[in-house]
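The same chain A turns up in both complexes below, where it pairs with chain B and then with chain C.
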Partner chain A sequence: MYAAFAANAFQTRLAYRNQAWSSFFGQLIQVFARIAIWMAVYAGVASVDGITLADMITYAILATAVMGVWDHALLMRDLDVAIKTGDVAVFLLKPLHYPLYLFAAHCGNLAFNTLAVVLPVTLIIGVTYGIQPPASAMHGASFLGFWALSFAIYFLLAMTCGLLAFWLMTAHSLEWFLTGIMALFSGSILPLWFFPPALAAVAQYLPFAWVAYYPTAVYLGKLEPAETGLILAIGLGWAAVLAAGVGLLWSRARHRIVVQGG
Partner chain B sequence: MLAALRVLPFLVQLHMRATMEYRGAMILGWIAMAFSYASVYTAIALIVLRFENIGGWVWSEMALLLSFHLLGYSLGAAFSFVQFRQLEDIVRLGTFDTLMVKPISPWAYLAFSGFNIGYAGHITLALPLMTWALTQADVGWNPTLVLYLVGALVSSALITAAIITSIGASALVWVRSRHLYSIYFGFWELARYPLNIFPGIIQAIMVTVMPLAFMSYVPAAVLLDKEVPLLGPAAAPLALAAGPIATILAMLYWRWCIRNYQGAGG
Partner chain C sequence: MSEIIVADGVTKRFRQPKRYSGLAGAIKGLISREFTEVRAVEDISFTIRAGEAVGYLGPNGAGKSTMIKMMTGILVPTGGALSVLGRTPHEERMVNAREIGVVFGQRSQLWWDLPVHDSFELHRRIYDVPEARYRENLAHLTRMLGMESYLDRAVRQLSLGQRMRAEMAMALLHDPRILFLDEPTIGLDVVAKDAVRKFLTEVNRERGVTIILTTHDLQDIEEICPRLIMVDDGKLLFDGELKRLRTALGARRRLKLDFATDPGPVSLTSARLVSDEGASKHFLIENEETSLVDVLAELGGGHGLKDVSLEEPDIEEVIRTFYQQRPALVPQ
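And then the complex of A and B:
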């Protein structure tokens, strides 16, 4: 049943091709801007702290790709509308778990964005500027695992913020808060290895770093194999904690639903 | 005309009063938006501080560029973004027809009846950042330059409102236009950085078909007495002229769209 929801979401996105073109173009410019920044700051410098310009171009492509593959605003706006209109009550009558339904639907969105936006952008920018291969086959395989974990954590973070709207009655502000946190702490703009040490020491343990920084660092081989295993375990721990948090929030939130009129 | 003008402040007041009914949500929104921009600026600051400059711009100069970008955008978007982003819904539902029979321009009605005080958070962040940047950066102040700063900010806001209006107006003819904002925001992000870090083709686009270089980079470069690629000494007057020119083009396009508006059918 949940696979059907994912397929349905994919087909819905397929119907709005103009939107896909615009997202593709918007993301292309965004990756392009990030690469231009790194080319500007690396002018005349071979490497900084062992990180080369080629590393940073690959980082910019992949970090934007893993972040751009899904937009938390889509989920949070869905939730905002469902809460404000009372549509969320309809899902209580159906034999499904609402957060799981949303997860399935957004897996469909993820698949669509991967095929229509991320792969073409990665291909074009990769051909134009050159993208490094993964540090090894194992690093490449680990990257795919980290990418899946990245989506799971990102979705759960957005879901946590979205469910808080049951108490605040608006997801709009929470969406902006999450946007801000992700911009800085996910490492999507600036990798954690360029953070001031004190800030990096905190940011490396926060769940946001698993969304963009760790998948890309793993791909580039910037983590030792043993360290990669530990980071993966901590990431899975964060996913479990967030999933439990979402479960708890949802169980509390559904008792708060009051439908007026109808 | 005068009667219509007298209605405008009333429309703004009406919308503000409605927004103020949800005061908590409104203030939380201001804080959230300011926080979000501050996070991005922190990431940019960390890059500049780590690498000393971006394209020759040190942090205080980058802060001026970013604050100009944010202030110009928020002043223009307050009159346009949310209002014209939802224009495609208004067209699809057929409610645009009701705006056309009002004794006031549909553009003025949309812009002023939806005047968005949600940008207060943007402005609260941009103003102190700009003040700090102007005290830190090497600016040779004189009365003309002060007037130039104000004029360039107005021009920046006009460019924003003109482009956002034009994108929204496309819905009158093509019914859908919201997706085009993704492209706008792509270029909008480029406008946060010095133009000289981009290749020539992007520089050319940013001063012609998508003239967002004039909303932040060009005026900031003029204030800092930096050389502007492609424009040279013409940069200063062009930054002032870009807003009014974009506004005139947007007005012509809006009128063309209104003339060709046929509804969404159904």
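And then the complex of A and C:
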């Protein structure tokens, strides 16, 4: 049943092809801009703290395009509209779990974006500037695991903010808040290894780092193998904590909908 | 026939934060903890047996939708007991959902961007309808509702009438035992309204699906539902057959006579004069048996009568009449 929701979300996106084109160009420009910055930074320098320009180009492709292809704003707006218009009642009428439904639908979104946006952007940038292969087959395989975890954590973070908006009545400012936090702490713009030590010490334990930084770092082989397992475990822990939080928030929100009528 | 819905003193009150007007009021609203209590449903009791078709009638804001939402399990009653198919709806929402079908006239349950057929297919998966049963139902409903021509069109491209038919078909795909409809004919043109009414009558008579329908259109009730539950202001006003209500009330029709020139005072025994504007005079016909022919025969010729119009009482008129005569009529 939930697989059908994912397939349908995918199909729905096909109906809006222009949207796919605009996000394709948007992503392309973003990645180009990041690479231009790193090229300026690395002018005349072979490596900074053992990180080469080639590393940073690959980092820009992965952290910006691959991890940035799903946007929390999509989910938060869906949720905001459903609650404000009362359409959420339609989902309560059906024998299904609404947050799981949203997760399935957004998996479909993610699959579509990956095929229609990430793949072409990666190809174009890869051909233009070159992309590094994963540090090893093992690193490549772990990257796939981290990538799935990245989406799960990002989805849960967006869901948490979206449900909090239900009480705070400020979906818009929460959306901006999450955008800001993600830009800084996820490592999508600046990898954690360039953070000032004090900030990095905090950021490395926050769930945001699992969204962009850790998957990319694993791919590039910048983590110790022993460390990788521990980081994966902490990430899974965060996912579990966030999932429990979302479950709790949703049951409170549902209770309020059924008692107060929205 | 078994009783499948039992409402016993069901009450629903909403608490709304008090709002104040103006800018100063908005600021006051931020710190104020005062609430106004809205009584949407007030101590309502009734029972509905399997296979019945019941019209739940009342003006806007009478608490009709609130009652439907409680019966479908998406609102929790503040007081009283409610049982649908032997369960408390909000406590067993998922199980309840599988055995009921719900249609909201003002809210679509179809997937907006998908072809109708894909929405149906999703519905099949959500409700685990066996493939063979699904095909049979789909073919039958498509034929009954004449949906062949637009099954593969996206929902957003449908007319309201087509969409309503698709909504009703979807709500019936999983063979629900009860079908709830919240204002299914709202906004539809005469032809589409007629199609919806014919279809619902057939579903009730032939498939034996219990139908509970809210409306403020008396015509819906007359054609679909032998039984009528009338509410206003959250309270139960009447529960019984429509015919009984009409006879009990002697529902008054309005008669308007237009003359070429003012014929002077006209008095009739079959109709009571309510306002006299000279050339046009308004009457109320209080006796159900009186026909237009009777009135015209009594009036006779020679008055220079130009035009006659007779209006059936609309629902507001019925309810107004009902209020006036209430003490004599309250059941029990």
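One rule holds for everything that comes next: the second predicted complex is superposed on the first by the 256 of 262 C-alpha atoms of A that agree within 3 Å, B and C clash if a C-alpha of one lies under 4 Å from a C-alpha of the other, contacts with A are read in each partner's own complex, and residues count from 1 in each chain.
Going forward, a residue touches a chain if its C-beta (ideal position, glycine included) is under 8 Å from a C-beta of that chain, and two chains touch if they have at least 3 such contacts.
All values reported here derive from a predicted model rather than from experimental measurement.
Following the overlay on chain A, a side-by-side fit with no clash is recorded for the pair chain B and chain C. Once the two complexes are laid over each other on the shared chain, residue contacts for A:19 go to chain B alone; chain C is not touched. Look at A:123: by the touch rule set out above, it reaches neither chain B nor chain C. In the superposition on chain A, contact is made by A:177 with chain B only, not with chain C. Contact comparison for chain A: of chain B and chain C, B touches the greater number of residues. Residue contacts after overlaying the shared chain place A:241 against neither chain B nor chain C. In the overlay built on the shared chain, the residue A:233 is in contact with neither chain B nor chain C. Measuring only between alpha carbons, the smallest separation of chain B from chain C in this overlay is 6 Å.
Note: residues 16 of chain A belong to the chain B contact set and to the chain C contact set alike, using the contact criterion stated above.
For chain A in complex with chain C, the touching residues are 1, 4-5, 8, 11-12, 15-16, 86-87, 89-90, 92-96, 257-261. The part of chain C that touches chain A in the complex is made up of residues 14-15, 66, 69, 72-76, 90, 93-95, 97-98, 102, 104, 107-109, 111, 113-114, 118, 121-122, 125-128, 154. Chain A meets chain B in the complex at residues 16, 18-19, 21-23, 25-30, 32-33, 36-37, 39-42, 48, 168-170, 172-177, 179-181, 183-184, 189-190, 194-196. Listing the residues of chain B that touch chain A in their complex gives 22, 25, 28-29, 31-33, 35-40, 42-44, 46-47, 50-51, 53-55, 176, 178-183, 185-187, 189-190, 193-194, 197-199, 202.
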